[in-house]
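Structure below; questions to follow.
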Amino acid sequence: MNAINSGIEARLFDYLLHSLQDTPYYQLLGFKLVQLGPGLSEFEVLTEEKHCNPLGLIHGGLVMSIADAVMGNAIRSIGVNGVTVDVSVSVIAAVPHGSVLRATGKVRRAGQKMIFAEAEVWCKDRLMGQAKGTFYNQGPIQY
Amino acid sequence: MNAINSGIEARLFDYLLHSLQDTPYYQLLGFKLVQLGPGLSEFEVLTEEKHCNPLGLIHGGLVMSIADAVMGNAIRSIGVNGVTVDVSVSVIAAVPHGSVLRATGKVRRAGQKMIFAEAEVWCKDRLMGQAKGTFYNQGPIQY
Amino acid sequence: MNAINSGIEARLFDYLLHSLQDTPYYQLLGFKLVQLGPGLSEFEVLTEEKHCNPLGLIHGGLVMSIADAVMGNAIRSIGVNGVTVDVSVSVIAAVPHGSVLRATGKVRRAGQKMIFAEAEVWCKDRLMGQAKGTFYNQGPIQY
Amino acid sequence: MNAINSGIEARLFDYLLHSLQDTPYYQLLGFKLVQLGPGLSEFEVLTEEKHCNPLGLIHGGLVMSIADAVMGNAIRSIGVNGVTVDVSVSVIAAVPHGSVLRATGKVRRAGQKMIFAEAEVWCKDRLMGQAKGTFYNQGPIQY
């Protein structure tokens, strides 16, 4: 994985990179880290037949999963573990398989207790999904 | 799959059963249909290591995916295809792996254009997740 | 106000009744308490022209406000103050003015930190709105 | 009202300005239009005691109402009527009364059927609320 470090501490970046490479759910779905910055993360996934729903389109759950992933990792990029409390996702357009989805997550406000984030999912220059999430602050990552 | 038909037309039930068995995303995640009734669906999944997040707990995306799946199929059980527009999910408790999650979906109102549904995700007698979703009515299923 | 006590401690009920009668936002919008039970609350509002949006229908914000109110008070009925963190509302049908909206709130799970609730908004026998909310547990009500 | 036109057709701007001035729910809550641009709207409200909840803070319903209002008017600024289907709001920080809230709405994607928008609510330089909404496209505004 050739992920880009856009400005977080090198040791945290390495820790997260290894942790992400070993994350079973990301391997299962084919999520790849593209970039981590302070309060930001970017993942991509090549959509394949395995991601399809009964109608032959990409299942909404994939869009939700990658939105949750980029928000969770945007939070980890500031050195904190966040546990998903609520995620609200809009599936703006149907995603065909064989395309690359790129998702970005951003921390909007990190409080002592609650952390608020948002995510976007793009296919080239087209917005496919939009999400906001609330996470519980579980304290600093030990690395 | 020994799914229960709790009151939908036999030919629709058979059609949906086959369609669900062939759905790649459900196979990937291990979703099994338990029951379909009029405006209702129930799925289960045995949580495994492959579903885990970087913290070693079940990824929120799995809860979102099964919530979306049971709402979508509750809609299909009334003979209509619905496309996910919005899903809002609360992850109420952390799910350990090695447990069986059972999710139920229910249609709350099926309009000409918009269909509103809700879902719950249980682990034995414990509510783990709660969701509501809005779907666009794509018209009758051809079967 | 002739609100019904469906099973909460009399002193807490009296405290909440007075607090609700003195709540400015409820007076502004015309919300009336119908019932409080353990983990449950019910409010009603007579929709009037003052609640209308630019299209002459009841503004979505009224449905959101009453949904938030019944969830917050369902939480107070178990002796706890909850602060709204997230609310997701579906406006299922357009509400004409001159009708009575009845909203019910229910606590789904009250944890040490997060409390999960849901709400429904009805006009006679028609479901007009559906909501779920997440609240932060601020500790016991002092009464 | 000295609202700013940031680039929409003058006749549509005038029409919307009059329509907003006559909107009962905005008068009730004290919402004032600050600005309309193509796919954008900005409102403000001076928070007063009348907006308070039983805890003496601004009721979450006010934040939801203004978020819904700015998203609905961002849609109207592109010449289209949108009906609220779903709104998901995060209340990021407690709002004291006596402060000015400023809310901005933005259309993210306007489709033939569904329109997706987002909103932010600020108090000076502090993000107090964040929302996303889905609206049904009711067709062009007649003006």
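Things to note:
Letters A, B, C and D name the chains as they come in the text, with residue numbers starting at 1 for each one.
FYI, contacts are C-beta pairs under 8 Å (C-beta built on N, C-alpha and C of every residue); 3 or more make two chains touch, one makes a residue touch a chain.
The structure presented is a predicted model; accordingly, all values stated were derived computationally and were not measured.
Identification of common neighbours of chain A and chain D yields B, C. When the C-beta pairs in contact are tallied for B-C and for C-D, the bigger tally goes to C-D. The greatest centre-to-centre distance from chain B, using averaged C-alpha positions, is reached by D. Chain A and chain C have Cα centroids separated by 34 Å. If you average the Cα atoms of chain B and of chain C, the two centres end up 29 Å apart. Centre-to-centre separation between chain C and chain D, using Cα means, comes to 22 Å. For chain A, the set of residues touching two or more other chains reads 85-86, 88, 90, 114, 134.
Judged by the touch criterion defined above, the protein chains are all mutually in contact, each touching every other. For chain D in complex with chain C, the touching residues are 19-20, 22-25, 27-29, 49-55, 59-62, 64-66, 68-69, 72, 76, 81, 83-91, 94. For chain C in complex with chain A, the residues that touch the partner chain are 85-86, 88, 113-114, 134, 136. Within the complex formed with chain C, the residues of chain B that make contact are 88, 90, 92-93, 108-109, 111, 114, 116, 118, 127, 130-132, 134.
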